[in-house]
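Presented sequentially are two complexes of chain A, the first with chain B as partner and the second with chain C.
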Partner chain A sequence: MPDIKVTPLGAGQDVGRSCILVSIGGKNIMLDCGMHMGYNDDRRFPDFSYITQNGRLTDYLDCVIISHFHLDHCGALPYMSEMVGYDGPIYMTHPTKAICPILLEDFRKITVDKKGETNFFTSQMIKDCMKKVVPLNLHQTVQVDDELEIKAYYAGHVLGAAMVQIKVGSESVVYTGDYNMTPDRHLGAAWIDKCRPDILITESTYATTIRDSKRCRERDFLKKVHESIERGGKVLIPVFALGRAQELCILLETFWERMNLKAPIYFSTGLTEKANHYYKLFITWTNQKIRKTFVQRNMFEFKHIKAFDRSYADNPGPMVVFATPGMLHAGQSLQIFKKWAGNEKNMVIMPGYCVQGTVGHKILNGQKKLEMEGRATLEVKLQVEYMSFSAHADAKGIMQLIRMAEPHNILLVHGEAKKMAFLKDKIEQEFNISCYMPANGETTTVTTNPSVPVDISLNLLKREMALGGPLPDPKRPRTMHGTLIMKDNSLRLVSPEQALKELGLSEHQLRFTCRVHLQDPHSDTDTLSRIYSHLKSVLKGYAVQHLPDSTVMVESIVLKVSSSAEEPDLKVVLLSWCFQDEELGSFLSTLLKKGLPSAL
Partner chain B sequence: TANMDISSDEADDWFMESLHIYRDLHVFQLEHPTKVIEWTGEKSICVADYSSARNEILELLLPLKLYAGGNKGLCPERDFKLQHGGFCDEPVECLRHIFGKRCVVTSGQYSSKLQVWDIGEGDSDIIKRTGVINPKCPSDKGRKIASGVTDGASVLHGSRINDVQQTELVSGRVLYAVGTDSLDAVSGLQFVNSSTFVVCANNGTLYVGDTRDPRMKHYVLHGSMSGSHWVFALRKDQPHSDPAACTVARLSSFGQVLVSDLRNLCSPVRQAQLNLQQNMATCDFLNVTWAPVLDSCLAVSGFDGKVHIFDTTSWSTVSQTPQPVFVHRGHDLSHEAKTDGTLLVVTTHVWHPWRPRTLLSAASDGSIHVWDWVDKNFEHF
Partner chain C sequence: MKLYCLSGHPTLPCNVLKFKSTTIMLDCGLDTTSALYYLPLPLVHSPRLSKLPGWVSKDGTVNLEKELKECAGRVFVDSQPEFCLPERELLDLSTVDVILISNYHCMMALPYITEHTGFSGTVYATEPTFQIGRLLMEELVTFMERVPKAQSATCWKTKEIQRRMLPGPLKDAVDVWSWRTCYSMQEVNSALSRVQLVGYWQKVELFGAVQVTPLSSGYSLGSSNWIIQSHFEKVSYVSGSSLLTTHPQPMDQSSLKNSDVLILTGLTQIPTANPDGMLGEFCSNLAMTIRAGGNVLVPCYSSGVIYDLLECLYQFMDSANLGTTPFYFISPVANSSLEFSQIFAEWLCQNKQSKVYLPEPPFPHAELIQTNRLKHYTSIHGEFSSEFRQPCVVFTGHPSLRFGDVVHFLELWGKSSLNTIIFTEPDFSYLDALAPYQPLAMKCVYCPIDTRLNFHQVAKLLKEVQPLHVVCPEQYTQPPPAQSHRSDLMLELQPPPVAYRRCSVLGLPFRRRHERIQLLPEVLMNYK
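After this line comes the complex of A and B, so read on.
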């Protein structure tokens, strides 16, 4: 039976790294190649030995697809392509292609320079890896080869995030990556058409959450900023330039306006340059509606937000500063942090996840004393706030997506089957589809029922229709006879005569003849009549005819009776039938061999 | 389309105001609305569908941020976690957690039976039905339920005064049945202690019973406006040596509130006429609750899309129209699902057991909020 195999790489129940292998129609595809941020050793990389025990992966994979730039989806990509070895195409959207290398380099710097690790990819490897990238546009079908095609859909979540449809023939799989179904301020909600994939693969990490509204998260942010400003404190917001920063700026600007606040808000210059870059990426990526609303404000003409100069950090009084980099691991944000950390009136707001080894990670774990360069210790007295703004789909979102795409099966990765029995039941009951929940390292095989499109000849179609009966209905299959011609890549269904004609063969008819001997004292004509009556009573559903030319016909089978002058009571019944009526013909000969009932 | 910018419309005004009037605020959207919120543990609640074909019962863990105490800043967890879920064959009318057990009992809108559910432990996340209780007499649909307060798991349930009975869960044995033939419809019931219980009828009459005696004392309500539908709430006055020292509040669909001492139900000690108009044709969602921590504070909902909190300390025996100390307008103003124009109504609300000003409220649009309001009279926390 045709099937599709899905294997999430990784061991046990660990979440935090996405790397899924799909085998479909003879093609092998790797979906995402994430790094596990919780490990410091080789466990952070996906286990590629599943694909091959030794050597490069190029021969075993038809393509690699990356859904978005978060490190748990792309962090292991340079390791996979340059250290394990893969030279085939890597597909991702344009913004992902632009942002990935920046994040990977940042990450590499932290891991190697800060933590002194050795078995890690180099800057050059990142560059070499990105050379293999083929960028994708939304809703554009890309032919990876003759048989494999892929298409990207808008996923929301972060800039450039995509859900991907993979198709071979009439079998297809949709992988969602991370997505959200409630529109974000600048990103909008995920969207897909009723593409009816055989399998919809999605994360189950957030499947059991019910998300607090975006507004409440923003409220919390504004409340915290306001409280600090009110008591004369300074607020540092380390950001990665490309993403939330703009959104938070707009939020603060409107708030300042409304509350008539006077404290200065600064945006570090490094951010402004990167923001420009982001802006351009963003504009070409998002849809018309979002573009219009977002573009309404010119990001560099905030009334209350000014460019930062590092001397301002020493100014007295309250202020808010957005500075890079986002995890406080280097640069301006770390410098400012060092100056402000000792005052409990101040605050640092971390808007997202921080990688191990960074100052951000340490303070989010409650560390109050930090060791800086030159053995200096820094006391952390300022208030630390961890806020999560990233948009993920929750239980409701998954149901909405299933309703949109109408998959035949759904596969949830990164969940514990026991802890998701309810969701499985819910999905199966509401949509009447199967829900699979493989553990990491476990392969799920889903049997598909692909339809094979075949061209039917007009003559054959007309002939079938002439037979009458109900009109063709896709829900009621009908058996028909024809000849299937498979030539090159086309499939055609034609009548047998036409097939023979095309092949230059003449049609042969097969006819069987059989003689049954009967003892019957009547005349030949009477015997024939008796046979007729007998057959008519036995074969009630069939067309039995007694013809004037002294033959009996049952469907197309012909019966004649004759006898010799020497033995007039020994009747010879000649039966003749063609190949198509073989079964009935055999039945009749067996029946007549038993003799005629005397009651006739 | 979503509002992309904070502009100056009413919803935004409320959000801005919320910075000052709430300490904590969480706004969630369930797939289907619930009319029950029941505490099943210190940090978990049960909710259930009353409106869809496949009625789900969900046990949700409250956002961890609420419990992070001093480390609140470091905890980013703002979401509900779905811990357990199950399917009920009818819309859930009433849901009660059984004291001391990982078990809830529900009644539904299609039948008079009660269903017993096991919430489940670490292993599986399914809420499984373990039994059915069929009342031993004719009964209306959607019986009201109260949990027994002793170790032996039992429920007190009824639809009319004459069919109120107590059933032991495990055996299904009827432990007690009232000996009165009053046909008054039951609007609520509750145990005061292991044997004393109070039942409130739709017309406001209170019945006080003891499971050791089928006879009940009843206290007819005088001066109730005709057509009133009444609900009640009980609060144990602590600390107190007399187990019957309870305060009873009754709320009518016309906004009348009577506060009485359980030991003297004939004359209320306080009363008020709330300035609340009932918009709904149904009294289904009328709800009054006593704050478990704050003194003399009660919350009222079911009239509209708001929850109203009153301090009854200043009330007297002469009915006046008090101002609420707080009104939660969140459901009206953060109305995500702009539906067919049917009026939004708060379907239920509960107080947090030990956080003084934290409440949970749900509305007919499927929203569920967790909020901690600021008392303007006490600026410090």
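After this line comes the complex of A and C, so read on.
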């Protein structure tokens, strides 16, 4: 039996450096190629030596697919393609293709220019890597080669995020990337058709969480920001430049407008305006409401939100600052955090998930003293708030997607092991299908049961259909007769006559004969007549004939009666039928073995 | 397999394909050339048009002075303009399962097909086709409802009168009883609610019997050709396609290979004009008029070639030292059309696509708007009347010159020979369009820009994709009537194409022999 193999190189029982290898129908596909925010050493990137110890990956991979532009899904891409070596196609959606190189360049700058690391990918490598990208449109079927096809579905989560279906013959896998099942202020909800994949590889970031209503969370968020501003504090919101940032900007913008607030809102880095441009140009990827009204009012033109300058951080008075990156592991958000951490009037709101090892993760766990570079310690006095605004599906959402796609197996990635195990139990209980959660480097093998396409001649199909009456009854199985010819790697089902003709064979007849003994005290001819009337009454609708040469014919089945002189009452009924009438023939023999009814 | 041909117009097709028990309508174009028989609908009261004499037959026996008016030596119908619909009697429209739309010009009859006919199927179109199609319908409805006319003329249609008594060209109009006035916005919304959006190369299964796939056709934003196939048979439907590099994504030719039948519609309507040459002529005439202090009027549709014209002028005006000349784009949907054009990057040609990666808007008209050189207005009323400066260039519809803001500009500028009207849309004969405005002092320039395939390109395409049979409108099987000696302006194929006309029902020449079934692996295991 054929099987599909799935091996996570990253994101197996973990969040970060998503990278999953899939082998299906002889094809190898890499899904995502991300970096890990929690590490600064080799563990930052997936371990590509798993694929091959020596040299380039081009010969081992048929294609690479990137689900969205977050660095934990694409951060290792230039390293993989330019430093390890891969020249095949890399698929991603248009918005991802537009935004991904900017984030990679940002990542490179922080690592090389600020931290001074060497042996890292260069700007040119990012450019060369992006040249290998083939843009993907939603719902378009892309033929990677003659056998392998992929198709993207809308995933919500961030601008341009996609789920992908990978298909070879009748076997298929769906990889969700990160997705969101509830529409928010700027994105729509993920959607997939009932494509019944053999395996659904789904993220499980919020495997155990069922989030309360979005409105409550938004109200909470606004209340906290408002209170802090009122008492003259500064609010830091670490975000990634694209994604939640726009969602929260829309939220604050409308709130400021409604409450007529005057405190400044800033957005760090020059990326803001550029980022908002992307949102305007890719408006077809946002939610329905924004798409409908964009001509009258573009939601991404903000009135209250201005560009941030480093010197503003020391300005007196309240302010709200969106700063990158989102997990406080480097860059401007960390700098501002250091400045503001000592004042209890200030506040930091973490709007998303933080990977282990990052400052964000530490302060969320209540750590009050942080060790910084150069042995300095930083006291955390400001208020730390966590508010889940990351656009991941919660447990309910994951179940909903499973119901939508109806997979035969589920494989969990992009989550913490403990939470995954909980969700795994729940899925297995509710859907009664197998659920896997391999660790990094561990291979899951799923046996598939693909059906085999066969070409049938239309004549045969129509003839066999007609046998069952005018209309086929889809609820009833029916036997159909035909000859299967396997030739030149193709399968054809044709009528036996045609098969004989094609193969130049002559037909052999296979006949069954059997003798049935009957106690019947009559003459041979009378017995035959009695049999004739018996069959006539039982087999209504069949052609039963009494022929002059002392035989009875039922369709093509011949019956004869004889007896020996010694035992004239013991009749031997001779039945003979050909293979095609096997069903009727064996029915007759059983019937006659029961004897003739005396009433005849 | 059968093909029902509901429209005789080669570029506004409407065909119905019956294939494997599915009924598939291919496009539903609305022929608006019938509006040319009607008087223009002025936006502002026109003393000239309101004082026209009524028509009475020469012998005085027929008096239709309320319905027909004599204007500039021709007779026009004085009523709400009516359009020529696809044939609705040839087959029961409620049996149509799906409608496939190839481009926004070819869906304008949709409300007539889906509303009040019992139609309950699905319409498939790409997102740009859907959005821009909606804008064009909205515009048409606004044009009509803005200047309501109480009268609906029908007496002139009486066969005895129309055929025997009326002067030409009115007497030669065909199927006049099937003409209808414009639909309402409510009908448009209801019709569009049946549209399901598809992307290029998206495989759509119909009832598990047939698979349909839209392909990029290179003609307009989101325009598509369609593949209709089962496992063993393949029908290609080629509608408005272009091989020129304008703004849309290039045409996909290779996917049309190995078709059993190729239905060919929407070739260029002006096979003798080269679009590039026309564009050059357009620019030079425009510059000449502006330099002389005159205004330029460009009657056009609100989407399509106008984007290319604006892009061309964006470069040309500076080089011609006319950088300060204002452009005005006047249409109820002008703003929407300009905005929508910028958000469909995925549907544009490569170099426009790469602009959004920067990120910059794909079309340079964004810059024209930003620098105030291009201004758009919903109509001549309101802001426009106080803001406009002359000399200027005005883009406005409708290209038939029978309704829309263009009517006003003809009344306003027609009397001065300084001004020029430049025709770029190929759908209407410019002489017929201008007939009710004669005598006209304004200069007229005819620069039709039709980027659709010409006969040379189509011959090359067919040679490449090798369909077994070609089906096309009968107009393509003979040279145009005005150029009967040009045997290069027709399709010459071996075997000859199967020609259709309005109301033809064709049996398409191929027989199905095989079907695909799936064997469960358990069944096959028994034979190991």
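The rule is short, and it goes like this: the second predicted complex is superposed on the first by the 302 of 600 C-alpha atoms of A that agree within 3 Å, B and C clash if a C-alpha of one lies under 4 Å from a C-alpha of the other, contacts with A are read in each partner's own complex, and residues count from 1 in each chain.
By definition in this document, contacts are C-beta pairs under 8 Å (C-beta built on N, C-alpha and C of every residue); 3 or more make two chains touch, one makes a residue touch a chain.
Computed from a prediction, not measured in an experiment: that's the story for all the values here.
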First, second, both or neither for A:386, with chain B first and chain C second
first
Report for A:94: first if it touches chain B alone, second if chain C alone, otherwise both or neither.
second
If you stack the two complexes on chain A, which partner ends up touching A:138: first (chain B), second (chain C), both, or neither?
second
Determine, under the contact definition given at the top, whether A:278 touches first (chain B), second (chain C), both, or neither.
second
One more residue to check, A:491. First (chain B), second (chain C), both or neither?
second
So, does A:258 touch the first partner chain B, the second partner chain C, both, or neither?
first
Identify the partner contact of A:208: answer first if only chain B is touched, second if only chain C is, both if each is, neither if none is.
first
Looking at the overlay, does A:368 come into contact with chain B only (first), chain C only (second), both, or neither?
neither
Any idea whether chain B or chain C touches more of chain A?
B
When the two structures are overlaid on chain A, which partner does A:461 contact: first (chain B), second (chain C), both, or neither?
second
Residues on chain A in contact with chain B in one complex and with chain C in the other?
294
Could you list, by residue number, the parts of chain B that touch chain A in their complex?
1-2, 4-6, 8, 15-16, 18-19, 25-31, 54, 56, 60, 63, 71, 73-76, 78-87, 123-127, 334, 336
Complex contacts: residues of chain A adjacent to chain B:
183, 185-186, 208-213, 215-220, 222-223, 226, 250-251, 254-255, 258-259, 289-290, 293-294, 296-297, 364-366, 383-388, 394-396, 399, 418-423, 425-426, 429-430
What residues of chain C sit close enough to touch chain A in their complex?
127, 198-203, 213, 231-232, 335-336, 339-340, 342-346, 353, 356-357, 359-362, 512-521, 524, 527
Provide the residue numbers of chain A that touch chain C in the complex, in ascending order.
1, 94, 97-98, 135, 137-142, 170, 274, 277-278, 280-284, 294-295, 449-458, 461, 484, 491, 493
